[in-house]
């Protein structure tokens, strides 16, 4: 047998995945992870192409031995043509449930979103890539949807400023916000990015001329923030947005005076 | 002022961290992440040196502006001399709570544990490094402790074996088990590693001679396992261990026929 | 001073970068690394959008203190509209040299290229993302251009097959080829990907149905390859392509029977 | 056949690695990568345990089909008991050449070295982990040895300081030095770490109290350094050390005002 020449292969027995399983243990999630696939997402001036890294899983009943891994990729391929957003992702997961005959399906879809970013004084334009992620769950009891962003900011240490005669250590920090929202919510990644960027000492830009660098240097010195301040600032704005049902916000400062990070996090659910 | 020559610096005002905070928001976790520190851990023949990567955090009351980051490192330095285990880690966290005057303290402590591993036929010895992690929480309401291992295994695809006239695709997989246990439990990383290794198609070794390679090749072919089988096999053994109060087990196969992974996970809590 | 309100900032003195440097040491490369930017690249059916991760550097004369970092980003922004290929990248680097008044400029531009990939028996289509990189150097003495691909393949161990009564361990491997070619060469990433995929035991696909899985399983068993075979197979095809002036080929197998990799590499320059 | 019970397996034919290869292509390097193994290394107060990540390879003649991968691990296991340094590593590679009957053997051995580090004003002690790597080549024509360190520093931007009325952006940077030295050289990792740390705006510490934080904040403001300055400062000290035959120094600043890095590098060989 030379398998490379097989044209019409023999009918295959052995649908092992469909065998009965007798261990009596349901599986919470089974599927694929780390699949890169082209995607369209909504940017600040319409749909933009990006590249998603997908995790797609389903729940598996106790009496089924295995799921059908290839159907996840088939689903992605067949849903690939329109911009992805929350409602569309949940519809795709409903399709996954039908294709795989399961009661639940989940997705994590991570990609880079580019924003046009204008330098604060010179006004020069450049593109700023931000890590964004959809998290979605489709099941009989009701859908769930969350958006996540991880946004770089400058943070300047209030303590260092206060105790020093001049200067203050500052560094790049990342603000990560995961916000659960309604399945038909108008909440966007841009909304969360704006909250994150307002929480630190200064906004980060891809392109800064000298007049801009002067601006952000002094802005950071005027607005010192501990990692604790960053998460509290973000929390105040997130709780005020009625579209957000729950959130986790975490700040991580890549301390310029240490080789480790400072971190803080708040978890919150609307009462 | 030449700060490098400062001998007795002026008394510093500005204990900014101790300021009152008026935003009224408590912080779930604040502290340090990514600090490498030498550690002693229990191996299969007594204490062995390793290198831990620490995350250490505390809860912060709503009216405190900041925590005292340096005290985490001071605590590690002062607790560094004896082998780390669950009870000792919880005692260290109680000390953190006292040093930082907080009601909760948490730790994630990740390190490599080396096991002596004898090749299955030749009997040759070599060291096998496994990723292990302590997770611990100290608070008034009661301590929590969990052990995590991430163990490489060989998995051979039952479907591929069944449908092919010869051969079967196989690959490296990782079984990750996080098990919550009592604060004085006798559960060890070695116990969890043994469960993980029994769950796949064959055990992985650092050193294999030809007779050993023949052995593991045929062993894997004789014991095909889907990623679904791996987590179910592990779950059966984990639920049978009364020391385990709850667990998450996840298997990830680095599929040899795809450029993405197959994954499965089960979460369980003792009723 | 509230820097956020600065409209027409004062003329800035302090063009520190343009100061004379007296240490007398030229710098081989100075610039930016890790900048994500949208890009168009040639795919198997025309230009496709992707996301590049850029390193852009220039040489710096001994008597200049610093380069002008913002000009790298300005250059990317102004060259962003047409598909990137070797000649265009070298033209962009010539522009960088002019903008930064230097004698050399270098680029490393890494991105994901998606190929349409048809499953070998069922013929089902899906997209397969491959890591591709341009490396380019522009200088007075002549331009240099190299293409790099990192391609997943299946490799099946000849020794394991030979010594075992049944089965053979196999795994995912990666073949990385960096090929130097003329600045106007017709060599494409697709050419190098084809060489890499022919070098292992079987090609990797994003989407395989059972008939396809049977095919690749048996194909791999019929074509066992050591990591040494993979690099020699690739080398034979690369030396035969007269467009290639020099290459490095490396194979890395993520051994399914170990927790470490097997690697092999060959460096070659056309005599 | 139940391979798990095989006690004295049949004599195996099939030493496939020792087959003649007819493609006529020598392989520059073939071996293992990513193997973790315990190691002893010289610290600032005697030998200290660490964990090495090894790449071990040999050259392979054109007429040999494969190398013997297991012998690399056997070598490590048998050489594991004494502190590793340059001469010992080269002796181990000579042993590898003999065990594998080849004319060249190479090693890359990466590990964390902990230094005792005293805070600059308070004098408090803590351990500071630094990434260190041995690179070694053993061959008939003569041995080669290089040491590499990757050292975190604070860098404060001279331009930002000059153009701003107050403050200056600063960040964590990494200085990576790879220095080739004689096979019996007295050059240590500590020597290179000292050079790297003197090249930035301020040294980084694991533990800083408020008086220390004041010190390093002002020290950095008093010593602004571009990434270009960092590599030139290091280069001046490296060329002055006669034990160093050649070096590459690279600085990477994790810019606090951007989401990308600034980099600079110098390569040098003693004339």
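A, B, C and D are the chain letters, set down in written order, and residue numbers restart from 1 in every chain.
The working rule: a contact is a pair of C-beta atoms (placed from the backbone, for glycine too) under 8 Å apart; a residue touches a chain by one contact, two chains touch by 3 or more.
All values derive from a computational prediction rather than experimental measurement.
> Among all the other chains, which ones are in touch with both chain B and chain D?
Chains that touch both chain B and chain D, as defined above, are A, C.
> Hopping along touching chains only, can you work out the least number of steps from chain A to chain D?
Each step joins two touching chains, and the minimum needed here is 1.
> In whole angstrom, how far does the Cα centroid of chain A sit from the Cα centroid of chain C?
About 26 Å, centre to centre.
> If you average the CA atoms of chain C and of chain D, how many Å lie between those two points?
Centres of chain C and chain D (C-alpha means) sit 24 Å apart.
> On a C-alpha centroid basis, what's the spacing between chain B and chain C, in Å?
Computed from C-alpha means, the inter-chain centre distance equals 34 Å.
> Would you pick out the residues of chain C that each touch at least 2 other chains?
Residues 1, 12, 14-15, 35-36, 129, 159, 163, 165, 206, 208, 210, 214, 216-218, 259-260 of chain C each touch two or more of the other chains.
> Under the stated contact criterion, what part of chain C meets chain B in this complex?
Residue list for chain C touching chain B: 128-129, 152, 154, 156-157, 159-160, 163-172, 202, 204-206, 208, 210, 213-214, 216-218, 220-221, 254-260.
> Which residues, counting only chain B, touch chain D once they are in their complex?
So the residues of chain B touching chain D come out as 1-4, 6, 9, 12, 14-15, 35-38, 48-51, 70, 73-74, 76-77, 80, 112, 114, 120-121, 124-127, 129, 206-211, 214-216, 218-219, 222.
> In their shared complex, at which residues does chain B touch chain A?
Residues 1, 12-17, 21, 23, 25-36, 55, 57, 60, 65-67, 69, 158-159, 162-163, 165, 226-229, 231-232, 235-236, 252, 259-267.
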